[in-house]
Structure formats: structure tokens, C-alpha cells
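Reviewing the structure listed below.
Labels for the chains are A, B and C, by order of writing; each one numbers its residues from 1.
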Amino acid sequence: MGIKSPLITLMPNKTFFWFFLPTGLAMILFIGLPIISTGIQSFYAQHDQVVKEVKKCDPFGCTVSIVVDQEKTSKIREEKPLGKFNGFGTYVDRNHLAIEEIGKFWNETNSFGEFVDQVTNLPFYKALIFTLTYCLFVTPNVLLLGFIIALSLNAVTRRIRGPLIFGTILPMIVTPLVGSLVLFWMIDAEGIIGANLQMLMDDPYLSLKSSKTLTWITIIIYGIWHHSPFAFVVFYAALQTVPQEPVEAAIIDGASRWQRVRHIVLPHIYPVVTFVALISLMDNFRVFEPIIGFSAEGSAQSLSWLIYDNLVNEEVILFGSAAATSMMTIVGIAILLAPVLIRTWKEFRTAR
Amino acid sequence: MRETNMKKILISLLFLLFGTSVYADCNIKSGSINILANDFPALRTFVETAKGCKGNADFKVTHSSEHNKIAVPALTANPSEFSARIAANSSIVPLMNQDLIRPLDDLVKKYGKGIQDSQLITIDGKIMAVAFMANTQHLYYREDVLKELGIAIPKTYEEVVAASEKIRASGKMQYPYAAAYKAGWNLAEEFVNMYIGHGGEFFKAGTAQPSINNAKGVATLNMLKKLAGLSNPDYLTHDSEAIKVEWESGNVALMTLWASRSGTLLDDDGDAKITAATKLTGPATVAGGNIPAATLWWDGFTLAKNRSDADAEATFRALAHAAANKKMVADAADQAVWLIEGFKPGPKSIGVIEAVKMKAKPYPMLPQMGLMHGALGSEIVEFLQGKESAEQALKDVEAAYMSKAKEQGFL
Amino acid sequence: MEYGLDKRSNALKIFNTTFIIVWLLVACFPFIWTFWGSFKVRADFFSRADWWYAITAFNTLLETGGKFTTDAYSQAWTEGEFWKASRNTVIVTFFVVTISLFLGTLGAYALSRSTRNYAFWILIAALIFRAMPHITLVSGYLFPFFQLQIWGILPTTIVVLVAINQPFTLWLLYSFFKTVPKELDESALIDGCSYFQAFRHIIMPVMWPGVITAGLFSLMLAYNDFTVTALLLNQENHTMVPKIQSYLGTNQHEGNLMWAVSAVVSATAPLFMLVMFFQRQVISGLTAGAVKG
């Protein structure tokens, strides 16, 4: 074996190119270029809109109010279709990083608590806090729950495992659009879960939807419920690959079940844990479906929800604003994943 | 001018000669029609009626809940994907802002027979849209409950509050009032209604400068909070669907809801006792004002600018056929409050008719209104939750609006 | 792994069984409830008066004369044109899975066999690409697609879904290829095969389970996606999820909630069968991928 020809350990650049071309092209065209274009647009604002007062009539009467003066604005638009260069203007405005406002709060507030209150009242920071809280609670619990389910199911007789696995991954495969709609009704104060919770807690006025804390807890529990099956599938598969000999040896040595999991199973499936953590963390950072599904906009907003709000909820589409938040989402994810990426880099170097 | 008249006479003569198919077919010879519209039954009826007279034209339609998002890029492209877009007074604004729709004056003159003048939306003297249905939010009440407690039908929101408190005190209902207060678009709409009822102006005259942080704004917020206190504590998650169900379940005796949703409340399904006692009345006024705290909405069609004249003509003729169709209006009288001639308002239309009589204002068709609406939807939530003062909430709304308006070039 | 030598205590066994039962209840209950409720009328399933209505079928009895009704199903499939949406979903899903796997296997194989720095950076770039919120990407597509007049048709949506899904597919398949010993294709290369021949005849047969796993994840994405399909398809081509959304109604106008519920149950049924069918391959497939540590 020993001698490897250099030709083989290193795939030639040309071969690599042809193999990678189709997927590379698809990704560059439909993700890479849009990211660049989004990045560029986040630095631009719309041109100044010249408005004029005109008479408007509709079935209910006439009023005098303003419209955009097309003659005057169309010329500027044609000359510079991208808009007005704004630099980091959108990034630092009040609806994003709000640098100026934070400076003002710092000077004006008397106590640190008051300062924090003011800052967390800003939309971006409000959303960031929820996003991070969600990540912090959901990701580890998804890993843990997924792992425990995998261990438990692994101990069940092989014959009935099929249906059990299928039941386990149900939360992942039902369309979230309606999955959360049905759940939303189930957790209503008069719904099957909500009403029984009231009985259980002996509080006839308990409602999961009325308080901020309970809404957050509901969304987080939904997140764990919805994502655990993904972790389970990967962990369950990984458990099948744990070699038998060390486990048996450990049993003979009198190691407890916990010790075996801790010292043999976990180290073995460590790379898979990293992979699941990476994907989960990324998906959780982009949380937004449960917020829509549970109508929780009032109590919980995430970064992705802000983007959605800018693009979908308003009559006027705020693309620059959404672009800026999207870019910051990417940066946020890159920061969160950085430790894992650095480790991967080291492994990649040593693997050569 | 004379030439077109001659043509008209000729055409009607031809119609007389060839008789029968006059009603169904508008004799469109060519062109291609592609319509973008929201997705609900009345619009489907309208578009189907238009399709009935497509003649030889190619006919396509996309009903989509995402129509708002698709519209601007679709009509910006040249040629535009859609030849017509069915819009409302809020969603016509982005099309106006970007100059994406064409004036309809000549087409109305040529093919607009049967369209009433009141249906025409004119901006700066030019016809930009043809409206065909109207909507508003108004009061619903439970006749039996009010009668039993000796409460008169409320005319103002102050009376709504008093009546609700009385119902609560009687122990009949814990949360007697309901309105769509779901954070976001719905809640902002309630603010807009209530603020207009207070006689407030959203912007300094002739500019895009916000001006809601004033006594009227504070009064509006306080009224909303009072009403919220009489609603189910989950009110921030309640959209029109949710409060409709609350009503059907008999949990609510007074409600502000869209006229277009009255249909299922008055139909045979559900509890017959509640259905029988469900009555509609006009929108309430507030703070001693005359103008109701409600906004009027219209749905109408607009034509894309970036589309050939032939397509525009074909599209207009098909849609105008629907927008002046007495038969459709008679057949689908239950589906909407039609603005079309020949519509006989039934019991479900009382709210809109009353609102128009009371001179309710239309939802402001302003280039920057959408930004204000968006800012309101998220920034007044904390006031209702009791976490900040009314002044602070209004200050936040203005600040959020200003950032958005700056990005959009309005300030 | 079944711990052959392990004599587990009864207490542990009981704990294990209880845990699984509780978890399965939690996992399946919402769906079972949805399934049950899909045979009721709206006033029962979406009741704010009392959730017992959904069980006793109070209103269903009043409105239809029976305790169960299949009205929602028959109406959604015919009047609601759900059959058309299902047909479109089948087309989209089939092509997305096939193309995704084709592109993904080629690319991932190349990445796993190249040890140059750029391979690493491509993997990182793919990860960053995956971080981009889909809604922003799709908003960016709208204008160019309209201008090129490729909006609304199925091929556009298929290509977009494939592209959006590539980063995940690449990463997954990359880790699978890493587990296939290099000696396997090296010997083939020495025997005079080209890289493509080695890939086609030596590696792919071993990779089958991994491909199934990646395929299943692609399928889930294509099947359940809302953002891309709702914004890039015209009405004629709407797939199931935007169709379901259209049953939900709008702010001002009432929808057909029960259609949505029955549609969801209908949409989940084929997924069940697929999952049951591929389950064994998925697990054995992931097994192959997971050995790398």
C-alpha cells in the first residue's frame, strides 16, 4: 500500500473543475451572485422622492394629498438605478444597529438598567435577544433530546423499531405552515392543550399566548419538538457504528452504563455531534416560522422575522433594510460557527 | 372623437345584427390578458366574469396571497408579466410610487360603458383604477345580550366601553369585546381607524414628516388600551379569523370586524341562537367626533404600463365587462359590497352603507403610508402590554417610521 | 448496537419504555389530533367554546348529520384543485431530488478527493451560502426572472430549489465520501480508469445509502418549501404548500380552514409511505456516513 502516487492523492485541478462545475455554477448563480447583489444594495438607499400635492378621487369622495412626482424622480432614477449611495447608513440607522441612539441613551440614562431597557426597546436588539435566547435553549436541548431518544430507541427490539422511528420523525415532516396553525389552536386557552394546562396548573386564567415569557417558552418548546427528530436520525445512525469490542470490554471491567456512554459512545460519535450542532445552530439562528405560526409577533421577534417584515408585511418593500439585516444574519452565523470552522480547518490541515 | 362615436354606433349595429352572444363575449379579437390578484371568493368571481368575455384573447390569472410582494417586480419588468393587477387603496400606492400603471382615460371613454363615475379612481385628473367593491370595519353586536341588560346599541367607542363593562359586571361574559388586535398589520389598522376617528393627521400637510405624537395620538392609544382590557387577554394574537370564532362561540357581545367577513356570521352553520342575535351596525365614532373611527377600502383594477397597448385594451375590455356586470352583482350579492350599478345591498352590507353615509374616510392613499402602518404595527405593542408610556410608544413609532422613510427617500 | 453482555436492570427497562411512550405521544399527538379533526367541521375542530366539540362532533352532527365527514377532503381535492397542486408537487419533487443528487454527488466527490486549500474554502463558502435567509434570496430573484420571462414556470422553481439545497447536500455527501476509503478509487485509477469511471462504477455503488439519505432531505425541502414556491410560481403551477396557504384566507376574507387541514393530512400520507419505505436505507446510509470519527 504505502507508496501513493502524487497524481492520485491530489485530484488534478482540471478534473476537480469538471466535477465541481455543475454544482458550483448553480450555487454561484443562485446564491453567490444574489448575496453579492444583496450586499451591494444594502449600501444604497432610494433616491429622494419629490412629492407634489394633487387631487385624488375615489368612490368615497375627493381629497388633496401628495403623490410622488414621476417627472422629476424618473430622470434621477434612470441615471442611477441603484439609488443613492448610503454607505453603512442603513446598517447604523435606528431600525438596525442604532449606533447614534445607543450613544444618546448612554449619555441620557442614569443607571445601567435603564440604559439596557432603552437599548432592548430598539427593534434590532429586541430581535437579537430573542434569536440568541432561542438558539441558546433550543440547540443544546435538541442535541440532548435527540441523543436520548436515539439511545432509548436503540435499546428496543429490532422488530418494532420501524414504526417507532417513523413516529419519532413526525414533527419534522409535517408542513410547518399548518403544523403550527393546528398547534396554535391546541394551545389556546380553550384548546385541548391550553384547557388541560389550566386544569393542571389550577389557574383558570392561564393563557400561553398572553404573556411574553409564556410565549417565548412555547416557541422554544415547539423548536425543540420540531428539530429533535433531525438530531435523532443522525445520532441513531451514528450509534449503529459504535464498535462492539470496547463496549463489551468495558462491561467486563464493570463500567456503569453512564460511563460507557461517556467514555466510549460519545467520543466515537463526536464528529456527528459537531455536524448536527452546526446545522441546528444555523437553522435556529434563522428562526421565524414559529413566530408566524403562533402569531407571536407581539412578544417575540427574530432577525429573520425582521427581514420577513421588511419584505412582506409592508406595502412598500424595504429591500435595502432587509438586505442589511440579511448581511448581519450571515455575519452573526459566521461568528457563531467560527469555533467549529476553525476546528474543521485544523482537521483539514492534519488530514492531508 | 366623432370617429369613435361612429365606431360605437357601427359596433352596436353589428351586435344587433349578430344578436345573441353580445352579453357573454366582448368580441375581443386578440391580445393577451394576465391578471394578478389576491385570493378570495369575490375576486375569483370577478375574474371569472372577466374571463367570460375574453373572446380570442389569451387569458391567464394568478390569485396569490403573496400578490403584494410579486406585484412591483412583475410590473417593473418590461414587458410586464401581468397586464392587470387588482389592487386596493393601500396596494395601489407602491405601483403609483414606481410609476408602473397606466392612465385609463381613453380606454374608459372607449370601452367603459356601464362603469359608473363613482367607480373611477382619479389622481391628478387621470383615471388610474376602476373600483368594483368596498369594505370597512364596523360594529357587530349581540341583540339578545344588549336587550337583556338594557343597553342601547352603542354609537361611540365610549359607549362600547361602557356597554362592555356593564356586560362584564353582569357576569355574562368575561371578555365582552373583540377586535383584530394581532400585532402587526391588524393592530396598526385599528390604530389608523381610531386615530382618524379622533380627527388626527398622520403627516404634516404636504410632506412626509410624521405627526402622530400629539394629544390625539395619546387619546387613540388610551382608547385602544381600554378596549384591549375588555378583550380576551390573548388579543395580541387575534386576527379577524380568531375573533370571528370567538363570536361564534358566544364569548363576545360587541366586536369590530371587517364587513367582508359578515358572511359566515350570518349563515346557517353554527349555533342558531347566536346567528339569530348577531346584528350589524355602522362603525362607531370616538371622542365626540362626527367621522367614524373606521377607514373605507376599495378593490379595483389597474393596468400595467409596461405592456403593449393591444394587451392593455384587451385586458381593459374584459375587466370592464366584469366591473359593469349587473348579472354578476345580482348573482354574487352575498360575496361583497359591490360598487357596481345594480347592486342591491342586503343585510350583510349594512356596515359599509352606514360607514359611507357617516362620511367615513378612505384609507389614506399616500406614498409613505405603508411605512407608517408598518412602524405602528410593531411599536405600539409595548404600550398595550403596559411596558411603556403612550408618549414613548408614539415617539418610537415616529423614530421607526423616520428610518424607513429616509431609506425610501421620503425624508 | 445491542449490548449483548449487558444485563440491564428492570428499573432501566421500565424507564426506557416509559420514556419512549411519552416521547411518541408528544411527537405524534398533534398529528393524530389533526388527522382526527380533519373529519370534523370547522366549528368543531377550530372551536373556542370547548375543545370537547372536536371529540363529540357536536356541530358536525348538526351540519352533516354524521359524526364524521369527508367533505373537506372531497371539496379540497376537486373544488380546491388540490389534485393539480399535488401533480405539480410530484413533478417539482422528482426533479429537485434527481438533479440535486446528480450535482451533489459529483461535487462532493471532487471535494472529498481534493486536498487542496480551495476545497476547504469551497466548503466554508457553501456553509456561508446556507446562512443566507431564503426570503431575501427569493426577493432578489423576482425582478430578473420577470425580466427574462422565466417567472412562474416549474423549471425555474426546480433549478432554484436545487441551488438553494446544494450547500446542505454537498456537506452531507462530502462526509459520506470521506468515509469511503481512498484506496478503492485509487486502485481503479491505477487500473486505467478515468476519474469519472471510477466515480461511476466503483464509488457510486458503495455510496447508495448515502445518496438515499441526501435524497430524502432534498425531498423534504422540495415538498415542504413555501418561500420559493409561493413567490416563483404562477397559479397554474402552484404546488401543495402555497395551495394550502391559499385555503387559509386573508385578513379581510374568510378562507376554508378545513380544506387546509385535510390537505395537510393528504400531503403527509405519501411522505409516511416514503419514509417507511426508505427508513432502512436511510439509517444504514447514515451509518456509512457517520463512521468518519
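The criterion applied here is as follows: contacts are C-beta pairs under 8 Å (C-beta built on N, C-alpha and C of every residue); 3 or more make two chains touch, one makes a residue touch a chain.
Not measured: the values here are computed from a predicted model.
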| item | value |
| --- | --- |
| Touch-based graph of the chains, sorted into line, ring, star, complete or other | complete |
| Chain whose Cα mean lies nearest the overall Cα mean | A |
| Centroid spacing, where centroids are CA-atom means, of chain A and chain B in whole angstrom | 34 |
| Chain A and chain C, separation of their C-alpha mean positions in angstrom | 18 |
| Multi-chain contact sites of chain C, meaning residues that touch two or more partners | 46-49, 139, 245, 248 |
| Junction residues of chain B - those touching two or more other chains | 66, 69, 185, 239, 249 |
| In chain A, residues with contacts to at least two other chains | 188, 190, 311-312, 317 |
| In the complex with chain B, residue positions of chain C that touch it | 41, 43, 46-49, 59, 63, 139, 142-143, 146-147, 149, 151-152, 230-231, 234-236, 238, 242, 245-246, 248-255, 257 |
| Residue ranges of chain A touching chain B (in the complex, touch as defined) | 45-49, 51, 53-61, 63, 65-68, 70, 74, 83-84, 86, 89-90, 93-95, 101, 121, 123, 184, 188-190, 205, 207, 209-210, 212, 294-299, 301, 309, 311-318, 320-321 |
| Residues of chain A defined as touching chain C within the complex | 1, 4-5, 7-11, 13, 15-16, 19-20, 22-24, 26-27, 29-32, 34-35, 37-38, 148-149, 152-156, 158, 162, 164-179, 181-183, 185-186, 188, 190-192, 195, 225, 229, 233-234, 236-242, 244, 247-248, 251-252, 257, 267-272, 275, 278-279, 282, 285-286, 304, 307-308, 311-312, 317, 319, 322-323, 326, 329-330, 333-334, 337, 341, 344-345, 348, 351-352 |
| Chain A partner contacts - residues on chain C that touch it in the complex | 1-6, 8, 12, 16, 19-20, 23-24, 26-28, 30-31, 33-34, 37, 45-51, 54, 102-104, 106-107, 109-111, 113-116, 119-120, 122-133, 135-137, 139-141, 159-160, 162-164, 166-168, 170-171, 175, 182-183, 186, 189-190, 195-196, 199, 220, 224, 226, 240-241, 244-245, 248, 260-261, 263-264, 267-268, 271-272, 275-276, 279-280, 282-287, 289-293 |
| Chain B residues within the chain A interface of the complex | 66, 68-69, 72, 89-91, 93-94, 96-97, 99, 118-125, 131, 134, 182-185, 187, 206-208, 232-234, 236-239, 249, 296, 298, 339, 356, 359-362, 364-371, 373-374, 377-378, 381-382, 385, 388, 396, 399-400, 402-404, 406-410 |
